[in-house]
Every structure is written in structure tokens, then in C-alpha cells.
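The letters A, B, C and D name the chains in turn, as written, and every chain counts its residues from 1.
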Amino acid sequence: MLTTNPFDDDKLREECGVFGLWGAANAASFVALGLHALQHRGQEAAGITSFDGGQFHSHRALGQVAGNFGDDDVISKLPGGSAIGHVRYSTAGGAGIRNAQPLFAELNDGGFALAQNGNLSNAMKLRRTLSRRGSIFQSTSDTEVIIHLVATSHETTSVDRLVDALKQVEGAYSLLVLTEQGLIACRDPLGIRPLVMGKLGEATIFASETVALDVIGASYVRDVEPGEMLVVNASGLRSFRPFEAANPRPCIFEHVYFSRPDSIVDGTSVYQVRKNIGAELAIESPVEADLVVPVPDSGVPAALGFSNQSNIPFELGIIRSHYIGRTFIQPNQEVRNLGVKLKHNANRSLIDGKRVVLIDDSIVRGTTSLKIVQMMRDAGAREVHMRIASPPTTHSCFYGVDTPERAKLLAAQMSVEQMRDYINADSLAFISIEGLYRALGDARNSNDPQRCDACFTGDYPTTLTDQGQGPAGRGLSLVASR
Amino acid sequence: MLTTNPFDDDKLREECGVFGLWGAANAASFVALGLHALQHRGQEAAGITSFDGGQFHSHRALGQVAGNFGDDDVISKLPGGSAIGHVRYSTAGGAGIRNAQPLFAELNDGGFALAQNGNLSNAMKLRRTLSRRGSIFQSTSDTEVIIHLVATSHETTSVDRLVDALKQVEGAYSLLVLTEQGLIACRDPLGIRPLVMGKLGEATIFASETVALDVIGASYVRDVEPGEMLVVNASGLRSFRPFEAANPRPCIFEHVYFSRPDSIVDGTSVYQVRKNIGAELAIESPVEADLVVPVPDSGVPAALGFSNQSNIPFELGIIRSHYIGRTFIQPNQEVRNLGVKLKHNANRSLIDGKRVVLIDDSIVRGTTSLKIVQMMRDAGAREVHMRIASPPTTHSCFYGVDTPERAKLLAAQMSVEQMRDYINADSLAFISIEGLYRALGDARNSNDPQRCDACFTGDYPTTLTDQGQGPAGRGLSLVASR
Amino acid sequence: MLTTNPFDDDKLREECGVFGLWGAANAASFVALGLHALQHRGQEAAGITSFDGGQFHSHRALGQVAGNFGDDDVISKLPGGSAIGHVRYSTAGGAGIRNAQPLFAELNDGGFALAQNGNLSNAMKLRRTLSRRGSIFQSTSDTEVIIHLVATSHETTSVDRLVDALKQVEGAYSLLVLTEQGLIACRDPLGIRPLVMGKLGEATIFASETVALDVIGASYVRDVEPGEMLVVNASGLRSFRPFEAANPRPCIFEHVYFSRPDSIVDGTSVYQVRKNIGAELAIESPVEADLVVPVPDSGVPAALGFSNQSNIPFELGIIRSHYIGRTFIQPNQEVRNLGVKLKHNANRSLIDGKRVVLIDDSIVRGTTSLKIVQMMRDAGAREVHMRIASPPTTHSCFYGVDTPERAKLLAAQMSVEQMRDYINADSLAFISIEGLYRALGDARNSNDPQRCDACFTGDYPTTLTDQGQGPAGRGLSLVASR
Amino acid sequence: MLTTNPFDDDKLREECGVFGLWGAANAASFVALGLHALQHRGQEAAGITSFDGGQFHSHRALGQVAGNFGDDDVISKLPGGSAIGHVRYSTAGGAGIRNAQPLFAELNDGGFALAQNGNLSNAMKLRRTLSRRGSIFQSTSDTEVIIHLVATSHETTSVDRLVDALKQVEGAYSLLVLTEQGLIACRDPLGIRPLVMGKLGEATIFASETVALDVIGASYVRDVEPGEMLVVNASGLRSFRPFEAANPRPCIFEHVYFSRPDSIVDGTSVYQVRKNIGAELAIESPVEADLVVPVPDSGVPAALGFSNQSNIPFELGIIRSHYIGRTFIQPNQEVRNLGVKLKHNANRSLIDGKRVVLIDDSIVRGTTSLKIVQMMRDAGAREVHMRIASPPTTHSCFYGVDTPERAKLLAAQMSVEQMRDYINADSLAFISIEGLYRALGDARNSNDPQRCDACFTGDYPTTLTDQGQGPAGRGLSLVASR
């Protein structure tokens, strides 16, 4: 199978995006566009639930947003002035419409729809307990654990039930909840996954990234803060802090790769951070070369930063096909080896005879890097130097990112020199973890890092209950002290 | 309707691409990949016809290549060592599977399959004559005129019938023909549309652009020359020159926009030409500014050229969505105005407070330019200067490019100053026709231009018989003198 | 909309059919065929759950059995030696895949899949209680009430939990349950809906009707008795009687219309009973005429019985189209009135000038009867006498049959003479309730009827809790005394 | 593969049906219903062409009428007051949309749409000639030969061109042609395939069978006569006789099986003829038995005739599923043998211990007869006697009926006794050819039969040019003498 799937690259994958709006007619039509702008965070399923003042309406479907929610017929069956939506990238085994969100339950004080970005680290344990008490699970998603905790809570209002439920969970969650009493947004105390608030006229909006505000012409107000719960309804907007305070640990990989370059994450431009990373890389690991070539599209800003710092010209030495997400299943053995060329093509007349610096955002398994280096050599490159805009990815993520098991992470198995040899580059360098923090304008506090950087350091901010692990290492004990 | 269709921009559109291969097992599987690489030349229908030594096999379908030919099931029903394929952009009224190619006829000496890139300027006249004699037309395509001329020819071999037919037509054609006697490639005497030859092991390949050779790992041999007919079969490759000689006039717009930047057209790198155009623009129409921002994706090489020449930094001030070709039909009036944002988003933190030079390849109706300038202003740009990498588009094309009627071409109705005012830019400049030739390494011979540049100059290289026009103007009389 | 839907006639509709098998490789492939033979009991959704000794596999889909389960690909994803299946006719508002069965829950002692034929009369009340305790409902089906009662039961084994749950429900249920401990079949104490047991080699089968045994070549063993629970697994077959004994009240309408004529229901041939009804009708309400004409296809056996008894020749005076289940939505007003003709056509040369006795099984709203009488008159019939093979349908059913509300039942609003006038027949007669019992070989015990005949008599065998009714009328108090 | 396809029985198959209407608004909406009523004559493809006074509109599709033409959207794209339609059963190798009709050509005096029921016996020869002259064939259908003969005719009007073309063809055709000058209906000089004329208000209708008139409430006027051409337009209805006169030979199998029982064919009720055949069978081949059982559904009228004549009771001993046209592809070997039971089920309680007379309309390959006899024995039948309502089928048809090659016709290979042994019946009898004519009210003229009965006698009414045969046998020389 040859594929041009943009997420079939050798990348870590964000698993979800959420978008909600309170206070505009046809709320669902805005949510559809917002989800489309968040499509890079999950393209296997999408769903929207709206509330029209009397009833909840819901549509969830496998496939992309535009295919499922681009049609007036669908949107007009989701009436009402408030709505929440979700896009999902399903991990292996977890596909299927039953795992699509928002989830819905009929509670004592009315309907309750829930959409989550993130992953719990004690979901399995909670699930076993709930199941034993008679809760019937329809899906394998963590989010259903939260909704059963809400349904079986002895609190009376939706908000109190939600707080009761969330106090029992560990891990990452950026949640949107639609009830008859209003729209609720909530981010876990560590703030691992992002969540921002916006405004369009009188309407209040919550979204995973600011690009989803841009697409509907809304303005960015501020981030939902770690540990904050916001409720918006006809009485206005109220903010709560129902959880114990903790030092925030927002995911650093949002800046490296997940978020769109035109998003503002944690108040900082993703594009600018990536350019800074490129400049830091050029300082930390300079090289003599003729061209700086980005691996498209995510490598472009770092390549511009590298080029500016090094004064080596930036050129589009690899052209990416517009026709992404296409698949060819081919009978022809010869043809089967052409996979990478469906998506990328060397700009041969530019590369031939040159010393090339390739800039990519990360190396996960190393399979794509190997092919890209070879593509450069086939196009006549004299030397190929690889520079990576993140530190070596050595640990799996358990907070809502699809990572291969550790054994498949190239950097968990090999030294940098072994990796260079494996991908057949003339040189290979990663930015240091300190350099990465510098690009963000910080100095990393190694006792209590300002970000979740566990994929690079193993310093997990929560107990990994479902991994059968107690607290281990400094980061974990720090969290345990909360 | 909101759409992210890549060809819904305000662009001229190439109408077709062709790809053929002789001499490799499972030829159709290569053709499918080649057509995929040519998808930017036509994405509304695709077709492949193969020959297995005994029988012809054909599949044509509306929609994109990967959706229709990405499946082993389909490819395995197209067996054989030779095959030709076609992608089509259907002009208004001409959609429908009946216009998809290759077309096929059973002739005296066996099957005859035909795929054409280009348009005839006397097709309607020939069609009326053929119809009167009893030929039954199945489609509205020019290509069916050629196949009926072949079927009713009194010559005996397929090659002789084809030559007989082509001597009666005027206009642009780059043809591939599959017969039991071999694969035929032919380019009209003016060479208006491109056609290249490649080699993969023992197999001979013909394609509209070199990127289609790259995708299957084939090497580029040379262009099929204007007026040349090539026949490849078990006896080898033969070249004929069946037509009167003429001064070639290859389409200049292939370099401006149609061809992929990683293609070599007429022996020249499209990417390099576009960078040269950007540099010429910076010389012809300099401006003081803080950033050079390409309108993605086609404006990028010219923007790099402009930036290098002007020393104004190149930045990705507009981010393009990966999810192209999506459509939203929305009930919401407010939402309907958000069209352009589905595809493009301003990188606000970069633009705010800056003087921006926008680089785009062309202005056709001006509708998109208007929105992009406004998007820059909404993002806080202090000044917006537009630079266009082609001369004003003042005339329609009749040679296989989908152009609006003249009345809808902005440059046919307005002066440059009027256009600047219409799109609301602080300044607007187009490259001159002479500058464009310079970027190609030529000095334009205004008596007998080296390219077809009729869309910028009105200097058509053939009689426009179906337009009810005799030869008119200098360009046409020049051609008449051939 | 014109339609040839077989269930769009003016008929009562059975809502479900079930089929289960334990003890043969590829159990699901037999279940698919069994469900196909039960398709007349529900054609809007179908589902199968199999157990392969380790895991449960499930597929449910809207639409007919053959379309969804006719494909090897689907069946091969339902491996294992035991499986249960369900076909459903969805009542208004209750369509959608979420109401398709079997339902599934993961219990303490393993998976639990449930398929039900029948309806509970206290489902709403139980649902409210369960919801208050934190059970989250996914569907609107009665069956989900049972599965939540099972999940929240404090008993430990699946069988004990099921008994605990069923002791809380009222109404009609013929259930199949698939667990890791075996296949369970259970029929409510009144035995309202049918359930039979069969044998194919070593395999044990349960099905709603014997035709589903015939289709796979299985033999009929006996009926599952009212109030009986059967468990089949590797240890063999065990029978339980977990409920208080009650006088059985099997549904009499199974013989009148629901069951296929080639089924054996309650040990009696449906075909023979229908012939007997026809003969009784001829005795109770004789008429002078030239032809006995069945309304196809369900009226045929009664018409044969009437013809034999009366010596009036049986003729196919109405021909039914083979192309059932087809729909035409037509712009043409004239055409819209032709609905009934799409399905039925008068055999004009036979009818013209004759006195016709039409035999139909029932009159519900009377709309079809009106059209059929008119069709006979249009074809030239001199007289049209209607004889109905059931008593007037005066009451709604709450036990798993889709009945219009009482206000729409013709016989609840009109006398027989008024009905005759309404359908414009020369005479109209229904069989008496006593005649119907005679055709079944019984004399009706009016104090404690041997069947559920509530739709003809209003004598409901259970309390109608969800109808807001306490026991009322003789039938109900009798039940109350149980 | 198990199937309930109604035409998967061991039957000869009619290949086509046609329906046309001139003179009512929304003509296509009537044509769709008429084609639905003719669906038994061809269910693999359907098409309609309408004319709105200015333009022709056409839609052809694979699949059944209701699926393709049941939708207002489709019908509203076929505007106009005249339209013709076609249903097709595709013979092996001839499927595909290209063979669907009506076919269309643009002639000198305007559009020309053609729909044909029947087959030519010299189509291949004509095709070769036309192809040599430059006609390009799009399909493999005989009908395209006619349309190319029309297109290349030197006559000037559509009617004259059509007559010119038809004078060159041999074989069976019942044609409908839609032109700007009116609707043309034409039947070949032998009148092999049927064609009737009807009236609905001011509109004139032509159809293959009278049931298609019934469905839209039209009245039957008369048959189109063999050799007659009718033209209807605003000037009224005109009849021509452009061909040499011949003794008509309408197909006798229309009465035996093809036509619906409620049709009037050649002025005679099909139902009555089939009852007569049953009575003749009872006289020619009586048997002592307990029950007469029809093989559903086509055997029913003959069984009623047999029962009336013999005084043996008629009973529905075989029940046919309503869910026809369904397919199961099954992994299970055991299950694969259950094919026939998906469609037919023995009414076991009726059959057990009885002597059964089975009545079927024909035996072609004998495969179904074998299974039905076995089904009766499995259900406990004491004796099984088979009576067939047609003579032995010994010859293939070349006039528009799908017949197996002769080698596969059971009666061409075996004596009646051998056939009885093969199907394992206690006795087997066919009606004689003379008895069949008697049932039609004729005495067969063996020198010049009044019907085409070639499938029973080999007496073909035309030269079989494409079979490489000259005239042979009496029947053929008679025709040759025309």
C-alpha cells in the first residue's frame, strides 16, 4: 500500500481536538468550521452535539469534518445556540464510531454531552470499578469513564457531578461539556493539553487552538488556565478553581509539531518558536553547506530560522504533493517501493551536486528519514546533513498522543551516531532540551520543568497507574507531592 | 458554499494530463502513479486503457486518480505491458463520464485508444462534417473528432490513419495512442502543450511533465519535439516528422503556473524560472517593506526570488490548510463569508504592524486577490503591496486551458491602477512580458514570439476557426505565413 | 411516494424475530440464513453476535439481512461456534442503529449479548429508576432496560442476574442470551411471543418460527414453553422454571397473519389454520358469487378454505408484483394516485362481469381495502363481497406488535355496516372470535382465554403500567390474580 | 453463493421490455412506472430518454427501475411530453452501462433515440460492414447496428432512414424511436416479440405488455401488427406498412412463461391460456395423486387448470420467500448446499405422506427440478409426479431470449424417461406441441406454424446468418419464400 496520508509519516500524532460555542444562532455551523481548522489534530472521526434550548441533537461519523458536516442537511439537523464538537485520531484497535465523541448521557438535571482532548493515566482502574457496579461501557475511550463517574455521582447538579468525577481521575484532559445549564470548559490542573477561549460578537468560544478562532473570524481572549473550570450561559461567564493547585506542565510538543504554525499556544507564536528552534540548531550544530532544505511542510519554519542564522540559502528542495490522504494498493512489486515519492519529490535541478542541510521536526521510528536522505542522494546531493528541531524522542506519551511503544522509538534504541549511520546521513544533530527551552524563552528548571517534556526526558508529571507503575523519578515524585 | 478546492482559486486551469508506458509488466500500475503525479492538470475524471497483447482493457471514472485507480482490484483488470492514461479537468457543460478519456475505437487493423492534452481550434467545423456523413458522436470532446477522422480515413494502417486525421486539425494536441502495433506519441507542430519522454529499465514512457517520471523512478530522456510522432513497439523506437515544419510556440503559462515547480519544462527548471521571475519583479517594481509573503503554494518560488533580490525577509505570512478539496454548504449567512479562511489563514503574529509584499502568480478575475489583501489588513498589516509573477491576463486561451470569457478577465477591463484600487492594495505591479522572457533566458522576438503568450498579448499562433475568426493581428498573420 | 413495500399495506406488523445456535462451526453463517427466513418479522435492522470461545464479535446494521450479512467478509468477522441474531421492525421514532440488537454488556463473569422479541409493559417505569441510579441508556429499546437490570443485579452468575432482572419486568419477551457459559433461551410466563427449539446434527437452535429451522435443514424439536429458561453449553441442555406459573396466552395473531404459512406455531400448521378460518368464514357468512379471490399473498390459504367449503372457484384475480420494497417519489400528481397498482394488478379478463368474494386476513385502517375493492370494480366486477379472516381489530397491542393508536383502527370507530359502506363493498363479514378459536381447534374460554386476543377483545393479559393503567376489565384482573 | 434471484431459476429469460408515451406532461414519470411493471422482462439495466420540444434528455443506469428512476430528482431531469424507456436483461459478457438503452444519435434532422426488444440474426455481419466504413461502435448490442444503419443512410428524414435501415436487418425487433418529429413504434414483419398500443386521455402509449398499461390506468387499444410502423405526433397517428408482407410468427413462449399472467398477449389472456395448458396436461397425462402443487409463482395458473380438470385438490405445498433478489456468499460448506431453500420452502405438514403432482412451466437445464423433487421427498412426499406446462425445450432461441447453448438443454440431450430418472421423479410428462396450440385455441399448422415455436421444434422463422447457417428445414424455406 502506497499512501500520501499526511499522518502516515513517521510522526507522533495528536489524538484529538475540541471546539465549542455558546451564544450564536446555528452554533453547529461554526463548530463544523472550527473542527475543520483543527482537522490536523484528528481526522478519523468527528462529531457535533448541539442544544436548542429544549433538546440535544447529535451527529457523529467516521471520516473527515468536511465530508460529514459540510452539508446543509446535516447542520440543519443540529439546531440551537450552543454546540460542542470533537475530532479524533483513533489509536490502533480503538477506531469505530462508538469511540467518536461527543458522548452523551441523560442525567437527573438533563442531558450531558462531553468532548475530551487528552488521556487519563488511571482510566483502566476506574473502568474496572465502575463496571463491577453495573455501568455498561459502549466504547473503549477514556472519556466514557468520566461520563459514568458523572452519571453515578451522588452530587445533584451537572457541575458538581463533573467536579466529583474529575477529582477521581489522573492525567490530561481539556474538556467541553454541554448541558441545559450552559457550556462548561475545563482543563486539568497540569494543563497538559491546550485549550483557548475566544469571542465572536456575543458568543463565547472554546477551542484546542487559536487557528479555529481565526477561521470563523473570532478573536482570541486568553487560554483556559490549568485547573480552571469555566461555565458560560445566559447569566454570563463564571470561572472556578475546583482542584488543588499544581505547577502547570503544558505539552512542549505542541510547539515542536502538533499545533499549526499560525496558532498562538501558551501565548507564544508557534511559527516564531519554530524559527527560534532553527536558529538555536544552527548555533548548536553548524555545518558547511550550499542549501537549507525543509522536509515539508512542518520543517519549513525551523529551516527558515536555520537559514537566517547560518546564511545558507533556504530552498524548496523537496516538493510535496497537494493530493494528500490518498492510497494506492498495488499488485506491482516494483511499484510498491515508490511510496515516499507519492508525497514528496526531490527538486532535482536544485539538489544535484549540492551539500544539503535537511531540517525536520522529529525522528520517531526513522523510516521516513531514511527514505528522504536517499531521495536527496538519488537527486545528486553531494552531502546530506540532517538537523532535527527537537531532542531525541526516547519515551512514550500517555496523555493523548499516539506514540509507538518505546521499543520502536529509534532514539530509545540507538545513540545519535548509530542513528546517523542508520539513516545514512553525513551528519545528524538534534537540538538539546535546553536549547528547546531557550527557543521558548525559558531556561529549563530541571527539578521541576515548566513543560511536560516526558517524551524527551521520561520525566512524567503524573503517576502512570494503568502502566502498573508507581511514582518513579523526580518528576513523578514532584507530582506526587501535590 | 465554502470550499477549499485548490482549483477554485482565481486561477487559469490546465485541462488535461497524459501518461503512457510501453514495455513493462503491469503497465497500468505505473500509469496510475504517473497520473496521480499529474493530478494538478485535471482532477475531475481519469482513465486508463491497457493492451495485453490480445485484448484492450479500459476503465474511466469521474473523480480523482487515487480514488479510482488506487485499488488492486481495478489495476488487475487492466493487464498488459502497455497502457495509456488521462486526467481531465472538465470545463463547464462538458463534465460527465462520456468525456473522460482514453477514447477507444475498433479499426480494421485492431483497437485504437487515444488520449489528448490540448484543444483544437477547428473541432466544431470538423464535427459537423463528420456528423453529416454518419459518424455518431458520444461526447462533446475535441478528441472524439480526431478518433472519427481516424475511423473514416481511407488509409490502411493505424499510423497512416492518424497522420491523415491530424493533417485536418488545427490547434494544440499532445497525443498518446495505444494500438496493437505499438504506443504512439505525437505533439502538434507548434508544440503548444508539453510532452516528455522517459525511460525505466527497458520501458519507454511519455508524460505531460517530468514529475510523472520522477514518481515511478524513471529518468527523463528528452522532450517530444513539436511536430514529432514517435512509435514504440517490440521493434524499438522510431521518430517521424509527418507535418510541415513550423516555428514552435510552447505555452509560456506552463512556467508561470500550470506545471509543478519540480518539473523540467522545455529543458528548464520551473522552480528556477519562477525564482528568476521574482528577482526580475524586484528589479522592475521594487518597494520598501518588512516582509515578503507568498500566496501559497504557487507563489513561493517567486517570493524567494523577490526576497533574495530585495533583501527583504521571506516569511510564511499565510498558512494554507492541508485539507484541500473540501466543501461546506452552510445555512448560516455569517458563515458564508468565511470561504477564503478555510484554505488560507493569516499568520497574525508575524503580520501585525508590518509592511507586507504579497507575491502571487497571476490575477484572473481578482476575487481572491481582494480577499487576501483584506486578510492581511485584518491581521494588522500596515501596508500591503502586491507583486504578480506574470503580465496582466488580457485574452482567453483556446488551446486546452480553461479561461473565463474575456469580459471576466480583470485585466481586460481595467488599467493596473484600477485593479490596484479594486483589490485595495497600497501598490500593485505585474512583471512585463519582456521581463518574463528574460526570466526564461530569452529576449522576446515580438515579430515571431518564441512562446505562445496569447493570454498576455492576444498573439494567437493559429487561426481560430471555431471562434468565427479568420487570421487577425500580427501574431496570426505570422502564423499564416508558415 | 408510491411504494411496493410489503409492510406498507394496511397491516399490523410483528416487530422482531430472533435466531440463535450453539454448537456448530461458523455459527454466524447459519444465523444469517435463519434471520433471512425470519425477515418478514422485521426488515429495518439486523444484527448478529458470535462467541469464539475467547471473544465476542458483533455486527449490527440498518437494512435487510442479505444486504448486510450476505457477504463472506462480514460473516468471517463473526467467528465461533455459537451466535445469536435479531431482525427488527422499528416503530416510529425508534429507528436508528442504536436500537438494533443484539445488545452487549461486559459483566463480571464475562460478556453478555441479548436479543429480544416482544415488548415490556413496565419498561418506562424501570428505565426511570435505573437512570436515577446512574445507568446511561444508549437506545430507546425495552431490551436495554433488561440489560441494565442484569448489569446492576447483585447476583453473581449471568443466569442468576438474568432471572433477577426478568422477575422485575412485565410483558412479552422471547429472549436469546449469549454468554461465555452458554446460550440461554427464555420465554415469558404467558408465552406471548413464540420461540421454538431445533436440532441440526449436534447443534441446538432457537428461533421465532420453524421456517428458520427449515432453511438450514434443521429439525423442529419442540416449543420453548411459557416461563421456561433453557441453557445449552458443552455440558448439555438444562431447563429451568424460574418464574411463578401462569396460564399461557400465546398471541393469536401469529396464526392470523404474522407467521409464515409454512411455520408450525404452538404445534399447529399455520397454513392449515388459515384454511380452517376460510372454511369457518364460508359457514358463518356465505354469499352467492362466481369467484373467490385472495388478496395476495397472505389471503391465499383462507381463500382456498373458503372456496373448498363454498364450492365457488378459487382464482388469482389479483396479481402481485415480484418487485416489492420499491419506492417511487413522483412529481406527477396524476401518477401519485397509482400507488396500489405498483404492487397489485387486477386480472381483468377474469374479473370482468363477475361476482367476486375477496378474502383478506385483516382490516386495520381500511385504506388498502378501499383501494382493492375499487380496483375490482374498475376491472368490471359486478359485485364485490369482502370476507375477513380475523375478527374486527379494535384494540392496540403493547407486546411487540406495531399497531396504530386506537383512534386509527377502523373497527374501533365504526360498526361493520359502517365499514362496509366506507370500503364500498356489496357485503362485508369478519370471522367471529369464537369461529377463530374453532379454526384453531379450541372453544374459547371467555373467563380465561387460551390465547392473547387483546387486539380483538381488549382482554390484556398483563397490567399496562406504562399506559398509566391499573388492571381493568376481566382479562386484567384474571392476570392480576396470578 | 446462495441466491434468491427470481431469474436464477432454471428458466429461459426474456431479454428486454420497452415502453413509450407521447402526449402527456411529465411523460418520463409514466415511463418509469411502465418500465417497473415490465421489470420481469429485464432487471439488470434501465433507461429513459425524453424530449421536451427542444432538447433530448437521457438517463441510463445499471440496476432496477425503482432504484434508478424512483426519485423525483431523476425524473425531473427528464422533462417533456414524450419519452421512451427500456429494461434489459444482459446476457453473459454483454453487461455494462454501454449496452443499456435507449441509444441516441444526432442526425441531420435532429436527435434520434432508439429502444429495442428482440435480437437480429444478421447483426454481426452488418456490424463488420459498418465498422469497415468508419462507424465506431460503443456497445455490443444489436440495437447499435440499427442506429448506425440509420446514421449512415442516404435518406433524408428520420422515418425514411429508419425504414432504409430495417430493410437490411433480419430477426426480431419491437422498436420505439423518439425523434423531434414524433414517437415511432415498429414491429418486425414476423411479429416475433410483442408490442401493444394503449391510450391514457390524449396520450398514446406503446408497451411490451398490457400490464404496463394497467399500472398507469391506461386502456389497451390493440396490438401493433407485425410489419406495422406507427408514427404519433401533434398531427395524430399514422400507420405504415413499409415491409413485404409475411405470415406472422409471434413467440409462443410469451404465453408459457415470459409474459405476466395478467397480460393480454395477442388478444388472449395469459392466465387463461396457462389454465388451459394445465387442463390439457391433465387430459394428456393423468395421474392418481392427493395434491396438485405449483412450483411458485409461474406454475400456479397451470396447477389450477390441472386441479380443476383432475379433481385433485390444489394446495400451496411450496412457499416462496418474499425476499427475492438476495445473495449470500458464505464461508460454510454445509451452508452452501442450502441455496434452493432460501427461495422455496416445503409446506411440510401438507406434503408429509402424500402423493404430489408438481406443476412447473418448463425444464431448461433441469437443475432446479432436481432440487424441488428432492425437497418434496425430504418433506415426506410418498410419490412425486412432475407435469410440465410446455413441450421439451430442445433448441436455442436467437430472437431476444437468453437460452443456454443447445448442449446444456436437458431435453436436447435426454429422452423424457432419462429426464425423469435424472430429476428423480416417479413420473414426468410434458404437454405436446399440439396440446399447447389447443390451449391457445389453435390447431398447429405443421407446414407453416402460426407461432414461433423454434425452441420446441427447431423450426426457425428466419435465416440464422450469424450462426453461419443458411436456410434449413421446412420452416426456414417457407420463410425464404416470402
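The definition used in the following text is that contacts are C-beta pairs under 8 Å (C-beta built on N, C-alpha and C of every residue); 3 or more make two chains touch, one makes a residue touch a chain.
Just so it is clear, the model here is predicted, and its values are computed rather than measured.
Placing every chain at the mean of its C-alpha atoms, the farthest one from chain D is found to be A.
Rounded to a whole number, the gap between the C-alpha centres of chain B and chain D is 51 angstrom. Centroids of chain A and chain D (each the mean of its C-alpha atoms) stand 63 Å apart. Averaged C-alpha coordinates put the centre of chain C at 38 Å from the centre of chain D. Among all residues of chain B, none touch two or more other chains.
You'll find the chains touch as A-B, A-C, B-D, C-D. For chain D in complex with chain B, the touching residues are 105-106, 108, 131-138, 147-148, 151-153.
Within the complex, the chain D residues that touch chain C are 2, 4, 6, 24-26, 29-30, 32-33, 36-37, 39-40, 43, 64-67, 69-72, 75-76, 211, 214-217, 260-262, 264, 269, 271-272, 297, 300-301, 304, 308, 313-316, 319, 321-324, 326-332, 334-335, 338, 341-342, 345-350.
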